[in-house]
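A, B, C and D label the chains in the order they appear, each numbered from 1.
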Amino acid sequence: MSIPGPRYDTPFNIARLSHATLYVRDLDASRRFYVDMLGLLVTHETADAIHLRAIEERNHHSLVLVRSDRSAVGHLGYKVHAEADLDRLESFLSGEGLTTSWADVPFQERTLRSVDPQGIPIEFYHRMERLPSMLQRYGDHRGGKLQRIDHFNCFTNDLQGSVEFYHRMGFRTTEYTVRDGTDVLLSAWLQRRGSVHDLAFALGVGPRLHHLAFWVANPLSIIDLLDLMATTGYQANIERGPGRHGISNAFFLYIRDPDGHRVEIYNADYSAIDHDHEPLCWQFGDPLRSCLWGPAAPRSWVEEGSPFIGQEPSAPLVFADHTGSVAA
Amino acid sequence: MSIPGPRYDTPFNIARLSHATLYVRDLDASRRFYVDMLGLLVTHETADAIHLRAIEERNHHSLVLVRSDRSAVGHLGYKVHAEADLDRLESFLSGEGLTTSWADVPFQERTLRSVDPQGIPIEFYHRMERLPSMLQRYGDHRGGKLQRIDHFNCFTNDLQGSVEFYHRMGFRTTEYTVRDGTDVLLSAWLQRRGSVHDLAFALGVGPRLHHLAFWVANPLSIIDLLDLMATTGYQANIERGPGRHGISNAFFLYIRDPDGHRVEIYNADYSAIDHDHEPLCWQFGDPLRSCLWGPAAPRSWVEEGSPFIGQEPSAPLVFADHTGSVAA
Amino acid sequence: MSIPGPRYDTPFNIARLSHATLYVRDLDASRRFYVDMLGLLVTHETADAIHLRAIEERNHHSLVLVRSDRSAVGHLGYKVHAEADLDRLESFLSGEGLTTSWADVPFQERTLRSVDPQGIPIEFYHRMERLPSMLQRYGDHRGGKLQRIDHFNCFTNDLQGSVEFYHRMGFRTTEYTVRDGTDVLLSAWLQRRGSVHDLAFALGVGPRLHHLAFWVANPLSIIDLLDLMATTGYQANIERGPGRHGISNAFFLYIRDPDGHRVEIYNADYSAIDHDHEPLCWQFGDPLRSCLWGPAAPRSWVEEGSPFIGQEPSAPLVFADHTGSVAA
Amino acid sequence: MSIPGPRYDTPFNIARLSHATLYVRDLDASRRFYVDMLGLLVTHETADAIHLRAIEERNHHSLVLVRSDRSAVGHLGYKVHAEADLDRLESFLSGEGLTTSWADVPFQERTLRSVDPQGIPIEFYHRMERLPSMLQRYGDHRGGKLQRIDHFNCFTNDLQGSVEFYHRMGFRTTEYTVRDGTDVLLSAWLQRRGSVHDLAFALGVGPRLHHLAFWVANPLSIIDLLDLMATTGYQANIERGPGRHGISNAFFLYIRDPDGHRVEIYNADYSAIDHDHEPLCWQFGDPLRSCLWGPAAPRSWVEEGSPFIGQEPSAPLVFADHTGSVAA
């Protein structure tokens, strides 16, 4: 395989990842996890759904929790720069042979929905309700002090296909992993907004969400969160970390919400805005790759993920032996 | 006045601020300041010039020190996304009535030079020599651990003109200050790459550089740097800080190099990538504006700046009383 | 003058500073300041008094707020190692010509009270009610996350007398300041428990309390507290800092409570337990002494302090010119 | 068993733990580890031995590396308050049936040596050569920025005997572990200087040193050290951490030196100076005990330790099943 180069001639402009919807079985328990413990701010709440945003975000929501009888993930949301981008995106997606539809999503203006070629539900919008930033309302910061949504990380059973599709959408790969000594792609990090990634993929049983990530302001916020989790009944929700990934240089912590949805608390990557930022290639067996230091990935972290609603995950076709089918 | 809205239809794409040149009278003293103390990395060195980059940067240089008999600032450099952007920029600048020229700049490919309407020398390039990132070469990090260039901040004697020109170039204002209860613009923060600013302006004797800023990974890097400066002969070079700006939420420190050029060490702003990010308006007299907390600006910080080479600064025409002619 | 050497043959053993009482005019306002904002924990509360402790403290109180019609400071409290120390202390204090009395203090066992030779009310006890530490109850940590009381700092109008008295009590001087080029003592730091100080003195209008200090776990707690104060109505209560003292190496912040009582938030000194720790002498004019870096002391910080109840402060006899009569 | 109470009537006064000697097979490799990487400062150096101290220490050495053909640990050193304490200690140790001798140790005044009842070589001194603190020589701080020695942690095959002996020497237990639901002591933390411990013991194959610990100023120093180790050839020397112990609340990192001697990098415990500080009892099976959060102890950490020179370790007599014979 090869990593496709960046494309700057897309007729539309995807600004960044924006939000996700999680289907949860116990909305109260999820509220305690995301609001009381992690410190996300409630922007709207009904008996069946809670809209949340992080501290610095002016957009109405970056996470939506929806009461459900099964745990799953809804659409991954992206923001485009201008309204006209939506129509151009619709043409592009139709041209890719994908179904599209226009959805009426609360707090969002015109919203375009589709499902990517590997089965991930996606939606695009141009504008959602805006609220004043809470960044300098320090008295309202709580718990994990999550500051903004950072990225999605998904299992795909057709990694080459996923990467190529998002490159055609204008994403650029910043780092990727290959099976040692080969060009077999095992994972890839792709960005739109100039950070290391808006979206990452790992080859595995897919489509599933491996995790969504929120950025925090410094490593001590993660230490503080660990102390809080360990002593307020969430010790068992700590899955992996803290540690430093070689890939992306992230100072990371992975936790599981009451439904098992995985959240990464993330700090310390770098700016990757340059058009001539060469993708960094890692060998899967490089001991610095997944873990510059910190705990090795437990089996749960390697194997488990959340299904997307209405999508049945399946194993990759290209190699059956499963070696190296990890997310990071 | 009013803050012009964002423009997305520029026929060229400026990616980000990139580098600056400082003319210095004692190259050895400057080397000790920027390399030994601040931790910038030397990428090229002759008897007359030193090229430097910060820890995560893959571009060859973000700061160039040039031996000179007077202290001054050379061109402020910007990176464009594609080579074709350079030609389109040349057309644009000519259309603005500005002189342009193509320069042969070491380590940079084709470089377009001009002087902005308020007298700031600027240059644009598409690609410069690339080097491996030193971000994970932790054993080579020194002193201030400067991680990447963050922004330029300039005095201009025609603030409205400066803001309008850069908006025509595709910049967007994220925050600005007005004289209390009026719409008289006193300072403005403009961005291209999705952070709070690539470039800021304050009304004052201009054109002059108020400071250039480097981003560091967390507030403790700034505390460490202060300890280092105070005990290695640079106590007098600490001008203002540490503190927190209301504007931009920056955790800041301002220091002066051996020539008096001002450098900000910067952390903790926010992402401002959204097209519908409304500019935040501050009243000049708001006690949270310049200083959420931390030391008030000394007179030197309010008044002093570095001239651009070949440009004679002059006072603003629009108001003679000077009140509020501050950088931040 | 000279700094008396340590005394190890005192027949009693003062363990450490322990607590203070502050008389306040608006108990509700003080509660908001110390509990809601600084994060001290309420251990007992009536209409007229609030007992507080810090996060790691197992003693019932380190700060007592008492409703009063004037702002003042009550007894500074010290803990002794064994009950028998109290009787030996009574003999010692009587031998010094000081009045002593046994007080019935809520939550404390037998309590010995006196007034030191320079007029500071002091009390000694052996045991007070004990409570489980809250150090690992991270979910109950709030605001400033004050972890333990660290020291008292007082103005005295007879510094030599103060230092000699406390040395006779077994305290040892760790650092001190002299008027430049002389042996005129201007301030002194004295310890019992192995840190830099339990108690410090500055020559000035005394007796008055300059400040009491609480230790926090790291510099970022101070940064977080500043952000909180600046945006929750306490910006004007920030008096000085953050900064680094040369003396003691403290990373410091000084704030004023609603009555003007000064509190230092303190981190980063060193262990001074060794019997042969030579006192460190600073010249008053040393630019690194009070402020390795950070804001210079404002006039209020140099001059203002809280009177002790029933004690009329007066100016030092020994020199009238006032130069250098500062606390640190 | 029961934890003996504190003793204040010892006729001698042990101030604190002070230093240790490590026998190493490759002195150059050890120098790189302790000096270049961890940042200890060389105070004396010959072809066969290196004396080291940490940043804030004024004593000549807290660690001595001695070239040897086998890896081992020499005497654990303690400082007493006054010279007369040494003679009283000699009487005490003889009364305990232990051999004593007076050693001529470079840079130390009169030094008393013995071997504790469980076979740990110990030495006591009153004064060693003093040097100016390097705490404010920030330009000379390197790598791990180790600030002061904090404690020793040893395996003993007779834990009850060890604890009782050190209590007779005036140590006090601050925390301890028992086999769940029993009073079988598995580990204990003992202190002299008011912190959580100068010395800890775990039941196991002993006597052996489990680790010696150095204190650092804040958690980010540990994060920085991990980044440094992982990228300068010491990734395999990281054994466990970072994490938070329930016991002591330490933010910890355990690393192995080139000989396998274990060093803990330690931050964030609490003050335990009070005579009435009740020892805290942990059940071995409490999930918060060893690891509030962070990686579980690997087998090497549970089982491996360094022998003391001339002492043959052996298994505990009291229980053969080995369950719970861990250090922390």
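One rule holds for everything that comes next: a contact is a pair of C-beta atoms (placed from the backbone, for glycine too) under 8 Å apart; a residue touches a chain by one contact, two chains touch by 3 or more.
Nothing here was measured: the structure is a model prediction, and the numbers come from that model.
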Review point. Which chain's C-alpha centroid is most distant from that of chain C?
Key: A
Point to revise | chain A and chain C: spacing of chain centres that average the CA atoms, whole Å | key: 50
Exercise for review: Measure off the straight-line distance from the CA centroid of chain A to the CA centroid of chain B, and report it in whole Å.
Suggested key: 32
Check your understanding: Measuring from the mean C-alpha position of chain A to the mean C-alpha position of chain D, what distance in angstrom results?
Key -> 44
Review point. At which residue positions does chain B touch at least two other chains?
Key: 136, 218-220, 227, 230-231, 288, 292
Point to revise | Topology of the chain contact graph, where touching chains are joined (line, ring, star, complete, other) | key: complete
Revision key, fill the gap. Contacts from chain B onto chain A in the complex sit at residues 8, 13, 15-16, 56, 58-59, 79, 81-82, 127, 130, 133, 135-136, 147-148, 193-194, 217-220, 246, 249, 268, 270-271, 273-278, 288, 292
**Study point:** In the complex with chain C, residue positions of chain A that touch it
**Key:** 136-139, 218, 220, 224, 227-228, 230-232
Exercise for review: Over in the complex, which chain A residues touch chain D? Could you list them?
Suggested key: 219-220, 223, 226-227, 229-231, 235, 238, 242, 244, 251, 287-288, 292-295
